[in-house]
Every structure is written in structure tokens, then in C-alpha cells.
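Per-chain residue numbering starts at 1, and chain names A, B, C and D are given in the order in which the chains are listed.
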Amino acid sequence: MNKVMFFAHLRDAVGEESVSVDLTGKTVAEAKAILSEQHGINLETVMTAVNEEFAGDDDVLSDGDVVAFIPPVSGG
Amino acid sequence: MNKVMFFAHLRDAVGEESVSVDLTGKTVAEAKAILSEQHGINLETVMTAVNEEFAGDDDVLSDGDVVAFIPPVSGG
Amino acid sequence: MNFEISKEPIDTQSIIDKVIQREAGAITTFIGTVRELTAGKKTLYLIYEAYESMAVKKLEQIGREIEERWTGAKVAISHRVGKLEITDIAVVIAVSTPHRADSYEANRYAIERIKEIVPIWKKEHWEDGEEWIGNQLETVAYPTGKPEESDLDE
Amino acid sequence: MNFEISKEPIDTQSIIDKVIQREAGAITTFIGTVRELTAGKKTLYLIYEAYESMAVKKLEQIGREIEERWTGAKVAISHRVGKLEITDIAVVIAVSTPHRADSYEANRYAIERIKEIVPIWKKEHWEDGEEWIGNQLETVAYPTGKPEESDLDE
């Protein structure tokens, strides 16, 4: 199983800070497609972090990986 | 009469913070020559302030003007 | 703990103290504060949210990048989260270096990098609404195509 | 009193407080500290001397120059005089502006101008001697042709 975290407008849209989904063996791009579909959110311009490090669309997820969707940041 | 002020290495060389000299009607360049001669100091690369504002070599001094020799500054 | 996400108001002096070194002749600080007007719109307050554990790692990464690029540099960064009023401090970056040019450049680098890679988000609250702000560097399109009034040079 | 020559240690926060404004999103500070090593030579302490009344006027002039050049900028500068030990603060420059790029640029401008036009001098004391330092910008020859080891980018 995988923990998937949402922030900023995505958290508002999903209504949860995180959800549990099994994404084992899926790529980041596939994970995005699945979560977009499930929650009706647009993840096209959103970066993805796996275990607190930015990941590419082709990276493959393992069981237990923590996935976070990172909208364009606006700190500072 | 005019008050002439010295700073930094010039003050060390002259041994005084200031001296009184009559420079009325003299240019800044002439004042420099007079003070160089009197105190054995080199004022070639030294800027001059008259009444707390930088002055040019051709500016003419009036009675009561306060003259200060400003060596290359090193604040900051 | 030179890199942190803070739930409490940031004390600038305490961040400066972290970078003092005998070898340094220059310390620069950048203090990002909440501005009342952005593109003519009056902000009431802001909410900052962070992916805290990752944000700390990314701040540490920025610190390492700076120390590799500017010899002798020492860096400390604190970013606030929660509700901030006008003039409250959102971020403090302190950089010390032997020479002053490096100190300005390294500090500037830090704020630009924060706006690129540190997972922190700002929600602006106005009298007539609120909105999560994104994409300050315009490197990607904001998901909703908004905000058109976002300020790239805050 | 945003521009001053101080005989007492400078409290950085008090200088920052002078430039806080609701319109500002960015405050930069430059803190010049006494560095132990300059060109490999170990400094024991420094003495700063100023033509105080003129120095204050010239700091005020720098403030006006900045406020003309960078819209909405607010500036405060304090420069210390007297004996300073390693890591002591010689100068603090605080600049607030609506946008951050201006804040860095205006601050940098201030320190460069201080090194050009503000009548303040530094005497370095080493184990084996002492010397008045001049001409950090190399615009004129130092009267004695020295110091060869002077550091142009302190």
C-alpha cells in the first residue's frame, strides 16, 4: 500500500490530507492518472515527490513508498 | 581664519585633529599646497571637504569655511 | 538546526547568530514580509502551508548548494507556516561569507531556489475571496490558469 | 534618525525596525563584521574613525539616492566607530522595498557608496603593527603606496 499526500489547492479539492492506495509497480505517471481519475483533480502541472524527493514520471513505485503531489510552490 | 581638519594617517602625521590657518581667498589647491608644506604631508590623493561637502581644487575659500582633508575612505 | 520550518514568529537575530563566523566579513539577510498590496489587490492575511519534512530537506539542500558554490559561506534559513498578518515575517535567510559580493549573490540564490524547489504554499485572503498562489517563477502553468495577478517578483 | 554614526554596539534588529513598511515585501540587511584574516594576515582588532557630522550627511545622501532610484525603498544605515574586535559589527544597512530584486540591488549600492564617499577610516591592528587602510575601491593611489595587501572586496 502507499500513502498519497495532497497539499494546497489539491488538499482542498480532495478534502483529505492523504489517502491510501496500492500503487506498487506503477509508474509516477500511472499513479497521477489513477489519482486524477479517482478525485477529479488535474495533476498535469503538479510535481511528484516519492519519499520526500522529487521523482520523474517514469519512476516505478514500491510498496510503502510515500507519494506526495507538489503543486507549483509559492513560499518565500 | 579657517579651521583645517585632519583624519586617519594625516592626523597621526600632523599630530593635531585640526589647526587654524587663514585661507581666505585661496583655492582648495592652494590650501593643499600650503598645508602640505607646513606639515610635511602628501595631500595629492586626498579629497577635500569644505563645510562638510566635497570641494574641487578650483573652489575658492571664504573666511570661516571649515576645510577637511579626506584620505581615501575605508568604512563599511 | 540551521534550516527549519517554524510555527512561531521568526526572530531575525537568532537566524543571524547561526551564521556568525570569525572568517566572515559580511552577513546578508533577506527578510520576506507580508505585503499589503499585490498587483493592486489588498491582502488581509496569508496562510502558509508546508510539506514540512520535505521542506526542511530541500532547505538543507539549498544550504549545501550554496556552501559548494561560494567558498566559506555559512547559511541559515527559517520559513514560517500558519497565519501571517501584514508585515509579519514569512522567511529569513542569513548568509555569511568572507567577502561581501558572495554574500549578496548567495543570499539571492537561496530565495530564488526556495521559490523553485521547497514545498511551501501560500494562500492569499482578500476581502472578496481567497486563493492558493502558485508558480511564482512561471516555469509551469498554474493548474487553473490562474492567478493572472500573481506577482512574479515578490 | 535612519542614518547614524554609533559609538555603541549596533543592534541589528533596531535598524531593521526602521525600514518596516506595509508596502514592503522584502527587507535586506548587510552586516559588515570584523574578519579575522585579511589577505592571510591576522587582525587583532580595528579602530574606526569618522568625520562624524559629514559622515551622517553622506549616509543621508546615499539614502536619498536609493529612494530616488528604487521606488518605494526605505533605508537605514548605522556605522560604528571606536575599537572593534573580531566578529563585531562595523556597519548595518537595512533596505525595504516592495519587490525583492530591488532590495538586494539597493542594499549593494549602499555599501559600495559607503566605500566611496563616506568619511570613515579603519585602522587595522596586527600582532606586528598597525596601519590606516584606504582606497578600497582602488580609484586613487594610497598616499604611501600601501597597503599592498589591502583587500578590495571586504
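Definition applied: a residue touches a chain if its C-beta (ideal position, glycine included) is under 8 Å from a C-beta of that chain, and two chains touch if they have at least 3 such contacts.
Just so it is clear, the structure is predicted and the values come from calculations on it, not from any experiment.
**Q** What's the fewest number of moves from chain B to chain C, given that each move must go to a chain touching the current one?
**A** So the least number of steps between the two chains is 2.
**Q** CA centre of chain B versus CA centre of chain D: separation in Å?
**A** 24
**Q** Using mean CA coordinates as chain centres, what's the chain A-chain D distance in Å?
**A** 49
**Q** Residues of chain A touching 2+ other chains?
**A** Within chain A, no residue contacts more than one other chain.
**Q** Send over the residues of chain C in touch with two or more other chains.
**A** In chain C, residues 32, 111, 154 touch at least two other chains, as defined above.
**Q** Throw together a list of every chain pair that touches.
**A** Those chain pairs which touch are A-C, B-D, C-D.
**Q** How about chain C: which of its residues touch chain A in the complex?
**A** These residues of chain C touch chain A: 32, 48-51, 53-55, 57, 79, 90-91, 111, 114-123, 132-136, 139-144, 154.
**Q** For chain D, which residues count as touching chain C in their complex?
**A** 12-13, 16, 20-38, 86-87, 96, 98-101, 103-104, 107-108, 111, 153-154
**Q** Show me the residue ranges of chain A that touch chain C in the complex, using the header's touch definition.
**A** Touch residues, chain A against chain C: 5, 7-9, 11-12, 42, 44-46, 49, 52-54, 68, 70-76.
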